[in-house]
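Each structure below is given as structure tokens.
Across the two complexes that follow, chain A remains constant while its partner is chain B and subsequently chain C.
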Partner chain A sequence: MPDLGLNVLFKGKNAARLLGGLWVALRISLISVVISIPLGILLGVLMSGKNPIVKAILWVYLEIIRIMPQMVLLFLVFFGTTRAWGWDLSGETASIIVFVLWGTAEMSDLVRGALISIPKHQYESSEALGLTKGQTYLYIIIPQTVRRLIPLSINLITRMIKTTSLVLMIGVVEVLKVAQQIIEANRMSSPNAAFGIYLVVFLLYFLACWPISLLASYLEKK
Partner chain B sequence: MKKFTKVTAAALAATLSLSLAACGSSASTDAASTASADGAVYRTLDEIKADGTINIGVFSDKNPFGYVDENGEYQGYDIYFGNRLAEDLGVKVNYVSTEAANRIEYLQTGKVDVILANFTVTPERAEEVDFALPYMNVALGVVSPDSSVVTTLDNWNADDQMIVISGTTAETYLTQNYPDIPLQKYDSYATAKSALENGGVAWANDNTEVIAFAKQNPGYNVGIPSLGSQDTIAPAVSKGNETLLNAINDEIKALGEENFFHKDYEATLVDTYGTDYESSLVVEGGVTSAN
Partner chain C sequence: MDWNVIAQYLPLYKKAAWLTLRLGLAGIVIAIVVGLVCALVQYYKVPVLRRIVGAYIELSRNTPLLVQLFFIYYGLPKIGIKTNAEICGIAGLAFLGGSYMAEAFRSGLESIEPIQTESAMSLGMDHAQTMRYIILPQAMSISVPAFVANVIFLLKETSVFSAISLMDLMFTAKDLIGLYYKTTECLFLLVVFYLLILLPVSLLGSWLERRLRYAGFGA
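Presenting the complex of A and B:
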């Protein structure tokens, strides 16, 4: 077996530091997910509503967030708020703000898509059966929407976890940055450590995202 | 419902004004200088002392200049100086991990007080930040195999190719000053390294890089240790932060009397570069030798 330089993981606190970095990445993404999914559902319902002004505003918001690379958003929120208003946000707070803005926008579009994909005859049939509007949503529309939403939102959540690798650009030391630090600190003694450490980082991301995918397939079967 | 619309609108307005603010600042340095006029951007020396902690932006993955060891402690040539600077100012030090691409932004927004991140002084950067006195030299160097050491770039054999990494100062310098030397360009350190090891004639890069390479790999020699313009590495502070700038300059001058940066070199860089290059790499007391 080729030397992957995995021995550097057992030097000092390196393994614990790597796990600490993973926790930083997961903390940022999970807090953002918890905030942005309900917000996204609300906005998505509003977007599929009838008020043209609300729809226009939400559309502009969605497009801005979707067009702008997450890196630009991170720089805008971290450095831009300081330049514009003198706010001194920490890197982690700035990251959560960006991920919430992004997650909410994408989630709202997913919800809108799922809602309008429910054919009109479902509404009409429920009405014909004498269900009230509330009953129609509770028993007919929402269960179908949720089923369509699960794979899409799981995809969004795993994407949010992986995108936390960008927050190192605003000084947040997460798992990838710790990995780079470990590789560089040992670049003389174990030049091959890059392979081993990145392999471990891959496994850590996998371990973080895999349970979420499992949960999704379980929920879909239900 | 209505309330929610307001929240959304507020979020949208915030996003828009952010984008506008960013457009303004990236177009010129006006935004930074306007902001510093009302004193909001940087902290003066007294403010730092009153707070008790100085924020220093460093690299956390550039061994041996600034890196984090296996116990999570910052180490390296820049850190050795940063620790001493904080000690002499009588404050604690908080190291912030920065990247090459965001060092200037950190100073312009006052998110760090000082950058000690292997920061090469250039005229373009000096318009954006204020550099203190230098503490290290940097130039280009050329490494080649012991069997035929390249000691000069004159009378270059047109059949030989010089290895460079794309986008480095070495590439720019050779293209401008030695257009007749054919270049063999690689994207990364690792590929350039294996090109030299597999029969390459010579490799031009930052002299610290080629010296470290020759030190680690027996059979290679730095035939040209210093090529092109001599640049320096210096601490940088936010534009206009004179009190802090003066304090750092005084510190560097005072440290020169005890040969501090030579000690720093011996503590942090000697394993990588050896003792041969100590006098050419270290700048003591902010005085660069004109050579």
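Presenting the complex of A and C:
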């Protein structure tokens, strides 16, 4: 059995540091999700509304955000806006801005999709039953939309967590960066640590996302 | 914006865009093959293989490409699996994309009702013929939107390649910014080149979606 460098994990505070790094990534994604979901719902409702100007503006926003790789967005905000406007932005703030922009776009598209998937006869039937517009939304449309949305928004959380691994590239010290530091520090005593440590990071991400995915697919079937 | 600088950098970006396209295309083609095989294994419920495929799909879908690439590029050589960065990039993209493609194909296959198979059987077709002429054409048609979304997703994911020092668009931009501080020009070129790659694919994709919408629609 060759040395796979797993022993490095138990040296000093390495395991705790790695988990701390994971928490940095998770925190960024959780903050972004918490902000994106209400904003996305608002934009999604606006997008399925009737105002053509609002719709056009939102459509442009959605397409621009969705066609660009998230990494490019991170670079634009972290290097581009700081250069253009001369403000000072930490890597973490920049990534939260990017993930909120991206999450809002994705969420609004999910909301719009769920809203237009409600057949027209649902509106017509409730009108025929004498419900007012407010009642129609409150009792008929929103409950059905929410049921469709919950698994999709939970999926968005796992996508957000996976995407936050990119913040490494703008210098945020998250789990991969911590892993690099640990491997560097133990280069002499344990040259094979890269295998073990990166495997652990891989599994940590899996353990963070898998339960959420399972929950989403369970809710989807329900 | 300094246009001289842009003209000067243009060849570098062109080279990088080719690398992005080449590796992206190779990775996607392999991902399609892997996905198709995995989807068929799950569709036919092949005993042991089915479990392995299931585990692979969960592992690959619930981890980021960046982490997969780090493991392939920095981790695997430590146990004697040495390759170059390009192969690692393609392998990583195929590993990630395979599961996404498998899910797309599987949902297509599962949406074909049993009556289709039964009818084909009663017309005297064997299993292979049923698959080839009845199931696959309809399943593919239903998978197209998910398939197109996956292709665009995977092309976007290639931006992660810069982390394993492949000279793709991201790497070139970051490198040039670090060397000469022409941030605005570098980022402008970066956006333009990604648009040049992704917009045609996206337009082609929506054309394909309209063109191939024949199965189960309007039935």
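Keep in mind that, in the parts below, the second predicted complex is superposed on the first by the 205 of 222 C-alpha atoms of A that agree within 3 Å, B and C clash if a C-alpha of one lies under 4 Å from a C-alpha of the other, contacts with A are read in each partner's own complex, and residues count from 1 in each chain.
Assume contacts are C-beta pairs under 8 Å (C-beta built on N, C-alpha and C of every residue); 3 or more make two chains touch, one makes a residue touch a chain.
Note that this is a predicted model, so its numbers are computed, not measured.
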{"item": "Chain B versus chain C as contact partner of A:77, first or second or both or neither", "value": "first"}
{"item": "Chain B versus chain C as contact partner of A:168, first or second or both or neither", "value": "both"}
{"item": "First, second, both or neither for A:213, with chain B first and chain C second", "value": "second"}
{"item": "Partner chain in contact with A:185 - chain B first, chain C second, else both or neither", "value": "first"}
{"item": "Touching partner for A:128 - first (chain B), second (chain C), both, neither", "value": "neither"}
{"item": "Touching partner for A:199 - first (chain B), second (chain C), both, neither", "value": "second"}
{"item": "Chain B and chain C contact sites that coincide on chain A, given as residue numbers", "value": "68, 72, 75-76, 79-80, 83-84, 168-169, 183"}
{"item": "In the complex with chain A, residue positions of chain B that touch it", "value": "1, 4-5, 8-9, 11-12, 15-19, 21-22, 25, 31-32, 35, 40, 60-63, 67-72, 75, 96-99, 101-102, 105-106, 108-111, 216, 271-272"}
{"item": "Residue ranges of chain A in contact with chain C within the complex", "value": "2, 4-5, 67-72, 75-76, 79-80, 83-84, 158, 162-163, 165-166, 168-169, 176, 179, 183, 191-199, 201-202, 205-206, 209-210, 213"}
{"item": "In the complex, chain A residues that touch chain B", "value": "8, 11-14, 17, 42-43, 46, 51, 53-54, 57-58, 60-61, 64-65, 68, 72, 75-77, 79-84, 86, 88, 101, 168-171, 173, 177, 180-188"}
{"item": "Residues of chain C defined as touching chain A within the complex", "value": "58-59, 61-64, 66-68, 70-71, 74-79, 152, 156-160, 162-163, 170, 173-174, 177, 183-184, 187, 190-191, 194-195, 198-199, 202"}
